[in-house]
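What follows is a pair of complexes built around chain A, which joins chain B in one and chain C in the other.
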Partner chain A sequence: MSSSAIHALPGGLALSAPMDAHIDATIHELDLQPSYYLPLINYSRTVLHPEVKSGDCVLGGEQLAPGVVAPTSGTLTEIRQHPWPHPSHTQVPTLVLESDGRDEFQQFTVIDHTQVGVEEILNRLENSAIHGLGGAAFNTANKIRRAYEHKNLTLIINAVECEPGINCDDALMQQHPSEVLQACNAIRQWLRLPSAVLAIENDKQTAITALRDDQTPDLTSIKITELPTIYPSGAESPLVQRLTGIKLQPGERATDAGVLCLNVATVLSIHDALMGQAAVDRIVSISTQSLQHSMNLRVRFGTPLKAVIEFAREHNTAIEAAWRSNTQTIRIGGPLSGFAMDMLNAPVLASTNALIVGKEHPLNEATACIRCSECATVCPVNLLPQELYAAAASEQLDTAARYSLDACLLCGCCDLVCPASIPLTPWFRFAKDATRQKQQSDAAAEVARLLSEKHSNRVQRRAIEKEQQEAARRAAAAQRQNSAQDIKAALTRVKNKRPGSGS
Partner chain B sequence: MALLWLLIFAGLCYFIGTGLARLGNTKNHEDILVDRINDCLPQTQCAQCDYPGCRPYAEAIAKGEAGINQCPPGGDNTIKALSELLGVEVIALNAAHGETKSAQVALIDEAACIGCTLCIPPCPVDAIVGSGKQMHTVIAEDCTGCELCIAPCPVDCIELVPAKPAATAWQHPAPRQLTQHQS
Partner chain C sequence: MKPTSIYQAWQYPRRSTASIMMQVMLSLVPGTVLMMHWLGPGVLINWVVLIAASVLCEATVMRLRQRSIKTALNDGSIVLAAWLLALCIPPSLPISQLIVGAVTLSVLGKHVYGGLGQNPFNPAMVGYAVLLISFPKTMTLWFDPNLAVSWTTPAVWADWWNLKWFANPSVAPWDSITQATPLDRLREFRNQSASVSINSLHTSPWRELSVAWLMGGVYLLARGVIRWHIPVAVLTAAIIALTVQSYLSPNTTLPVWSAMLYGGMVFGAFYVATDPVTAPSSVRARLLYGASIGLLSVILRTHSNYPEGFAFAVLLMNASVPLLDRWFVLDKRS
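And now, the complex of A and B:
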């Protein structure tokens, strides 16, 4: 059925949910919450400055800070330190929005892409705070802006969703196939492309059938392309390679190569924003640790994790049982990409694609690397994880960079196959952060070096100038003294010459 | 005869010339070494190493007058970089010079500042702006957190705050710390 050849992926692993898994693809709705928590920090951990103050009444969809919009109407009661869904387990300045129960939204105009320029559209996406919903939560307007400049643009709608335990996109496509296809088509038309590819893994047959059976006209231009179920096909660089054959260089983004990959749920958010509707929620998958049971819930941004978990426990007995086995921590994200979280009053954000409840298996004790190269065989971007590990564990960041640490997707395939149970990906996360930190402090040191050089040159120059002035002053004084002495001497001579005075 | 003198003169010129050039080169070599040592230093310019700034300390190391473990802001990373550059052993930071702290910047309580300008001259990177009787402020991006402005302030209105919020400064820890933490 697929229209174009699919290129092979050098590695990856066939991971799928357990064969007998119960995945509830109904999209449950969570009731309006009394309070929403909106962290004033973005995905690159830059602190944001609010455009509102506590006491302000706001409408849903109203912009509160760059990239932050109100999920409902209500009053901003305070800005306070509050946990956020991040592996750092830190607290960040957070806007607290108390809902007024009316759930009123700001009115936006419908944007007709045939009438307005690209900047106006991107502004709308910017003001609607559209972020990628695939997991990384990048600023969508920026991504499209980078891609837009390319003459031969390729649009890939990423519905691959390859990590087990995450099925929110699957649920979305099963429940709303026409909306999905219409939104994809609208974005395609806006970008003036003859066609776009919707990539989906072939284990999602229900969703594929729903999309193919959809009778929405004019959809020949969205090519539904089935990919074999191999993790991590949905990560951007493997996806680009599979569909276009283009191998991205380390550090190169798909947009640099003229490929725009947009997550399928993000495409719907973009469409909503252009249609004048606020995009203030996402679908979150909640699964048990075994991934045997999963359900999906539409959650507004800012909803405390606790409320989501409580709803899931009430509506799914398996999730309730899993929760009872471990009420301390949950996992945010998938079993491979996620992280543990014990601050359950932290809110759901654009990046919160999945939650896993239940007791995690303890990790095996790591032993020495036996150089079996299993890790290299499965690496989807052809790295040598064993070498990267040796470099990271000895903190040789330059060596890690030479082994293309930059290109590592942090997918976790290498960890899964390592017979020595070495926590390879955690080492790579560590090395990536340490490298970024080093680059930042090197840049800051360079600035300080130049500033201090300027400072000491100036101090030196001043000292020399002062010295010169001093010398000049001394010379002048000496001169004066000399001439004074000369006069004195002359006077004395004159005096001495006076007749009668010498006696 | 004249030719002989000419030859002797030319020879002399050659020797003096190359001698001078060699002198120039040795100076260059030293400079390059000092530059490379200086590149390993964090440029905080705090003088905790007992030299009036990073470059003077680099000069002292190059001359063999100072050890590689006298820079608290650089800490273990700087010691490691210097040991690799100079081919000497890694040693522990000399605690007499101070301890490594996380990145900080100065913040002036502008309401309390009396505009005395006493904090301006000590700042090694000119990160404080303000003129007489005006409130002063720190350009946070330029401030190295060297603390040299703290003592001169007569009203104690300068404090040090973390350079980045905890969420921004956080890094994924090395897994061995993870296992230690868990056990």
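And now, the complex of A and C:
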């Protein structure tokens, strides 16, 4: 990146936490729990197939299914339907791990990134089930792999954390500034990049000071860049736009444009994984509904939300008071991007960055859209929420897709300004989930159709034809290769014959 | 799970539809009071009757459509639409015709399309257009403000009563004191190819009212209730069109500033064209929409059968909003 100028965002809102907020940046540790719940489904609703069976004894860090590792040692008691932290409020197949209390971990070798290739590092990340901790919980190895293909790669460490009420990254940077910088630097090194940007909002001065104080001369290749607070700058496409000026097209990922954004906490888990430590926890912020009080807690994946809340209630009187005023519902995620949850035995996962406790403000009943376009004005990715809403509410998923539902960040900016109090973002979340489900059932239907047609003549004929074509293609390719080899051999022969050519 | 209603975990100073409508009405108060003061009790009667009849009609329709009456009335949109119409019609308009206006505004303006947010045409302007076409005589009859203002004289009150109830201006003993609005006079001049003298145009109180609407509009802009694009585009386009016109035929046109202030241009630019429901969504489309309204209303003012072209300009452009939206927004998306 040549210039350090911050580009403007087409929308977004200048939000900040209450001025007098009490944010407890200490990272509390949650005790070992009797059981952990590990959903066998990922956030894009792909069902994961377990590599273990109930009754197995496992060690912490052991892989249980693709992308799922055991958070501690213990016995897998069963696989059953269990709630998961998802706005659909559904139950999904879940592995139940009964802790044995010993908390033993599988031993991994330390990977020295100066000695091995990127592929080996990525394999380790894959096996350690590293997922983005910023909220979207992408598979980190895949993301890096996609980005790595790019020649001009830009690395952005995302420490923006722009939503009020979420301060887990802030706490992390305040508590472990030098580890953060070193982990960032290590990634930069093994990605063979001259520098990296660490983007942070300028209202986190304590963390910024801590980072700058610990920035020894060998760490200056990590450029700490302060952004003026605009929500949702921490989301990937707005962040890329603000830092590089590149405007991602709907459906385009930052990695397609050669930008790799990694959340700062994810960077630390990557580092841990390479150091041979299992990355089985994350920091969760817990706030009162007013966002006046906030605390941070290190929680293993699979911990029931209830346990997290109980700990917070014990250690923070404001959270206890907020809980008492409550109706047994919490909010997962921030005040804008989050969703309400009443199934408190659902587990904490990589995407669970914050919890909000307390009575929510009921809004006026939604009224008719008056087409004021306020929502479009604040949308950070230039969508037309009013049109998206019309499509989503009538369940016209194709129309919604044409209005780039895919590009919607579910940031909640449009919700916040809509004078008609229309639940825009919840509708978009619903439509996104419905689209995913539809795609999956379409795919399943397609497979079923193919299977059922397998015996029909037409298919058989087609298969035979295909096979013949394939055989012909293979033969041609082999021939090409042969002739290519012939030419190569001839060239070598010629080259060798030429005496003493070149200098 | 389909979203039904939302709970916000965090309070944000949200502006509701009702509060937007309230702000607009608030900004209308000074101009409305001045209008009542200058044009007499007829304006007050219009205002009361139109609003009451529209609200009643709205409630009935909602009842028939089996929707919640409360939500429909709570947002204030019907009151605002009726209020806007009340400011466009002559004080002498008979009550029966007012009721026609109210019903048109609510039923034809809103509900045949499915209610608030669905209506393509500005309800107040639909009401105005239907009244103007149906009752051209009474709709273009304005009393001389200097004579009509007698809030304190009981005899005049009785006359107003007769006039408003019996629908015939000749019932009143003062049909001789009717007077053309400046734009009407302008038409007459133009038709006779006479040159215009401002002094013969009875410019008061139109000029003053325009200033009041301008101030109301500036207030709305300052409060962020409306955005600048449409009013600025309307006024700029109108000024340019009037300037060109005054160069082409200097004798039969007013000076540009007077022409801007004597008609409904300022009122329309801030209060009619900015109606979000019937305006396009994107900024560029809004600029083009506003400019077209400004230009069209100058053209219609000069070349149509009616002295004021704003209502028809708005309705015409309302009809083209889906097109504008498609050009400027949908193209970009797909």
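Methods note: the second predicted complex is superposed on the first by the 408 of 503 C-alpha atoms of A that agree within 3 Å, B and C clash if a C-alpha of one lies under 4 Å from a C-alpha of the other, contacts with A are read in each partner's own complex, and residues count from 1 in each chain.
Definition applied: a contact is a pair of C-beta atoms (placed from the backbone, for glycine too) under 8 Å apart; a residue touches a chain by one contact, two chains touch by 3 or more.
Source: prediction; values computed, not measured.
In the superposition on chain A, no contact is made by A:Leu349 with either chain B or chain C. Of the two partner chains placed by the overlay, neither chain B nor chain C lies in contact with A:Leu248. Contacts of A:Leu76 after superposition: neither chain B nor chain C is touched. Of the two partner chains, chain B is the only one touched by A:Ser452; chain C is not. Of the two partner chains placed by the overlay, only chain C lies in contact with A:Gly338; chain B stays clear of it. Judged by the touch definition given at the top, the superposed model places A:Pro87 against both chain B and chain C. Shared-chain residue A:Val381: touches no atom of chain B or chain C.
Once chain A of one complex is fitted onto chain A of the other, the partner contacts of A:Pro426 extend to both chain B and chain C.
Touched residues of chain A were counted for both chain B and chain C, and C has more of them. Legend: residue contacts after superposition of the two complexes on their common chain; A:Ile286 is shown touching neither chain B nor chain C. With the contact threshold set out at the top, residues 87-88, 366, 423, 426-427, 429-430 of chain A are in contact with chain B in one structure and with chain C in the other. Partner chain B is touched in their complex by these residues of chain A: 41, 45-47, 84, 86-88, 90-92, 366, 393, 395, 423, 426-427, 429-430, 432-434, 437, 441, 444-449, 451-456. Those residues of chain A that touch chain C in the shared complex are 15, 87-89, 164-165, 250, 289-291, 331, 335-336, 338, 340, 356, 358, 360-373, 376, 384, 386, 402-404, 415-421, 423, 426-427, 429-430. The touching residues of chain B, when paired with chain A in their complex, are 38, 41-45, 53-55, 103, 123-127, 141-142, 144, 165-168, 170-176, 178-179.
Interface of chain C with chain A (complex): residues 1-12, 14-17, 19-20, 71, 74-75, 77, 115-118, 276-277, 279, 281-282, 329, 333-334.
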